[in-house]
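Per-chain residue numbering starts at 1, and chain names A, B, C and D are given in the order in which the chains are listed.
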């Protein structure tokens, strides 16, 4: 059964959420959102999915601070972060390009990353564009650091990086990514060529597993219509669902 | 027009509230509650009266912490405090008698006094019983201190002490009370005899002014029925209103 | 699979371990009296009560029944019905450890846990005997501003269990707490959250923005038991007022340990035979 | 005497002084767009925007119109409609001072004022370039616990004015904010609070416990103006969604200062002739 690139990313992310009790998904994140809903539908135990920019699926009742408080309390197991730049030590940059504060290119800003990256046990870095422009040796501005000295309080941090080409794990001790698998069409060599930072490689770098037919069916039947509620344009593009 | 002792206390307290924008009244306080409602009815500008133990007259919508936060923000102009003991430096004791923690007599506890006494610009001490048992030289336990060293943050504190026999003002510089007036039937001498601490005296200690007839009428007509909602037993006793 | 863990009152009582630091709501916040009787029935012991900010009947009964090792609170009282008799006796006899605090500090210590920080600054309190008897609190000079500015720091408190009673939960396990947001503070600071409710309703609290503002989200809650009149004889917001006669009867009976024992016996309960419950 | 101060939009704009540190809500919290246009109309200048935690159209328009000296925020963006063009141009040209922060720090600095304390501790952030560029923040070693534990302290921020839009107020001046409690934080930390509402309703928000949970109490509020569709083209909770087409039109027009000027002209408005509004 054929799958779209987005579907591969969704099931790959969903696999990273197994065992979670509570996954929170931020704004403008259709792929993490679909992954969380898929993982919830497959979870043998209760799993909460908080979709922060939905009125009805955002459980927080005390305003915007409650998300950060809940994360600080350790009540959110997995969160997704991206970056205009991500570097080889998993530092992320959401602020801009150039010599801060004299930026030549300004982006929106760091949002809550500077707490979430410390407080959430498992942060999954997700960036579809895999290029030397996005995956750099050293970010121009650290919105949130990938690692911290041992005396600094830190419950969690980056566990994996998923791009449109590959899956990396992250080793906080070594402060380095390790290539775990490449998506169909890529090889470790093409990935290395497209990556601006040096990384380790797993003993055997296989191909990122394609979604099983049954699972793909369930994704399209059960999850896609719900994504269409939150992300009509995405659902129209990937699944041809009417907005 | 005859007045009850309670009515004298109510109008005397009400006079202390003129100019306030926001008065908060705690639990089990029928006389301060009536005074606040009377002052509001006489105020030429908007005045908020928060009656903390009433569902409908307690404005706080964010739980019990909001009162203390609002006080810390300086949004409550006057608050009432009492004390099992009050001493000559305006220290108050709500905890017990004896050598803490080995108390021979335990009372409920300090509640929020240890913040409110610092944060509210004008705290009025109110204790009907005026005796050497309640007005002591030195409290056995300081629930909240009457004065603080200059480097300690303190927006407000005790401004007056009203008892069943007299009105005192408080001078924070000298950390001493000053007798301002005595209620009908008492003299500065009988008050001094009943007081366990030394105090200053105003140049002329007059009699606490009796309520004017018009004002007493308004109190009985407009305020008493509302007090009967919150404090039926008090209203029945003082005004003969059916509970 | 239910959307939430449905428990019985007995299971609630079992889920509060002996020795737990237990979050206790004030009388305006949904006092879990049915669950409190279940705790006495199971013979809970060595509970450490952390009251936000005070307790009435619940604390006094647990103390009289011998379930309590210590109390941290801004007050323990039966309010208009007078002093809390078993508490008063316990303190005066020296059998009960009382950690005197004050409302804003009790809030702040839980808020620290709510925010995941090791301490919170708090104004006031300096110069009181409350502070003088709290070696676990510290005063620092604020590093901001130029003038000396002593500020009290109170450390984060993490509760083992928070237990309260609420009007209702919905089928997803969201609990109505309305404007009693101090319950949310008790919840955010607790490792385990147990709730009793009058009933379970069909309509989601998130059906409207207005009702969403009344919700405690399900993801905080470990288990819910239905207990009709579960706050009795305390009141429950605008649903039922305190049963003044029943509380007066308690206040009168509990003046002595023998009277308290007789009161418990009416519920088929008996106090634990511990020193704290032996005080006259 | 009305129970509250009724204002017009023009009076609201007058009540925000030039140079004010202005509390700015996020796009989920009731963006006061009608009042923002009134601010531009009155030629407000040197506003310092403190965003909780980010701003969209409101901040970008004020920047483009030359009303803004600085922005403190976790982000400025038009969300799905792309970068905020006047903000981006202002930063890239160096005309606009941007104080980069992060959501929890923006909350914490207001919470400090809410609690009347000089600072708040905050986890995370250490090691980021956000912290590196904030000399007003400090790291101390926590005085609690035995191991070294560096903690960030952020100082209290007191806003001069908080201004937001809400679904309604009642006749007593209580304002419906529902679960948008970050608006309460903005309010608690402000010297002056100005609100625009869709309408004034007769029934008190305190009529039921459920609606009381949605209230911002009147005693915080200095003035209220009625402004129907007052958040447009932003959305207002469940009352109306953002007007995607209108925001897209803004995003396209504001790509250049000339286009922005033409956009303003449609409302009979013009930008102030300041350096920040001159950037292409």
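In the analysis below, a contact is a pair of C-beta atoms (placed from the backbone, for glycine too) under 8 Å apart; a residue touches a chain by one contact, two chains touch by 3 or more.
Values in this document were obtained by computation on a predicted structure and should not be read as measured data.
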item: Chain pair with more C-beta contacts, B-D versus A-D; value: A-D
item: Separation of mean Cα positions, subunit D and subunit C [Å, integer]; value: 37
item: Inter-chain centre distance, subunit B versus subunit C - centres from mean C-alpha coordinates, in Å; value: 29
item: Distance between the centres, which are taken as Cα means, of subunit D and subunit B, whole angstrom; value: 40
item: Touching two or more other chains - residues of subunit A; value: 55, 60-62, 72, 119
item: Two or more partner chains touched - positions in subunit C; value: 115-117, 122-123, 149, 151, 179, 181, 184, 209, 212-215, 237-238
item: Overall pattern in which the protein chains touch one another (line/ring/star/complete/other); value: other
item: All chain pairs that touch each other; value: A-C, A-D, B-C, B-D, C-D
item: Residue ranges of subunit A touching subunit D (in the complex, touch as defined); value: 27-28, 53, 55, 60-66, 68, 72, 94-96, 100-119, 141-145, 148-149, 151-154
item: Contacting residues of subunit D [partner subunit A, same complex]; value: 26, 28-29, 52-54, 73-77, 79-80, 83-84, 87-88, 91-92, 94, 98, 100-105, 107, 111, 122-133, 147-151, 179-185, 237-238
item: Complex interface listing, subunit A residues touching subunit C; value: 21-22, 45-46, 48, 50, 55-56, 59-62, 69-75, 119
item: Residues of subunit D touching subunit B in the complex; value: 1, 3-4, 113-117, 174, 181, 184, 188, 206, 209, 212-220
item: Subunit D-touching residues of subunit C, taken from the complex the two chains share; value: 108, 112, 115-123, 138, 140, 142-145, 149, 151, 153, 155, 176, 178-179, 208-215, 237-238
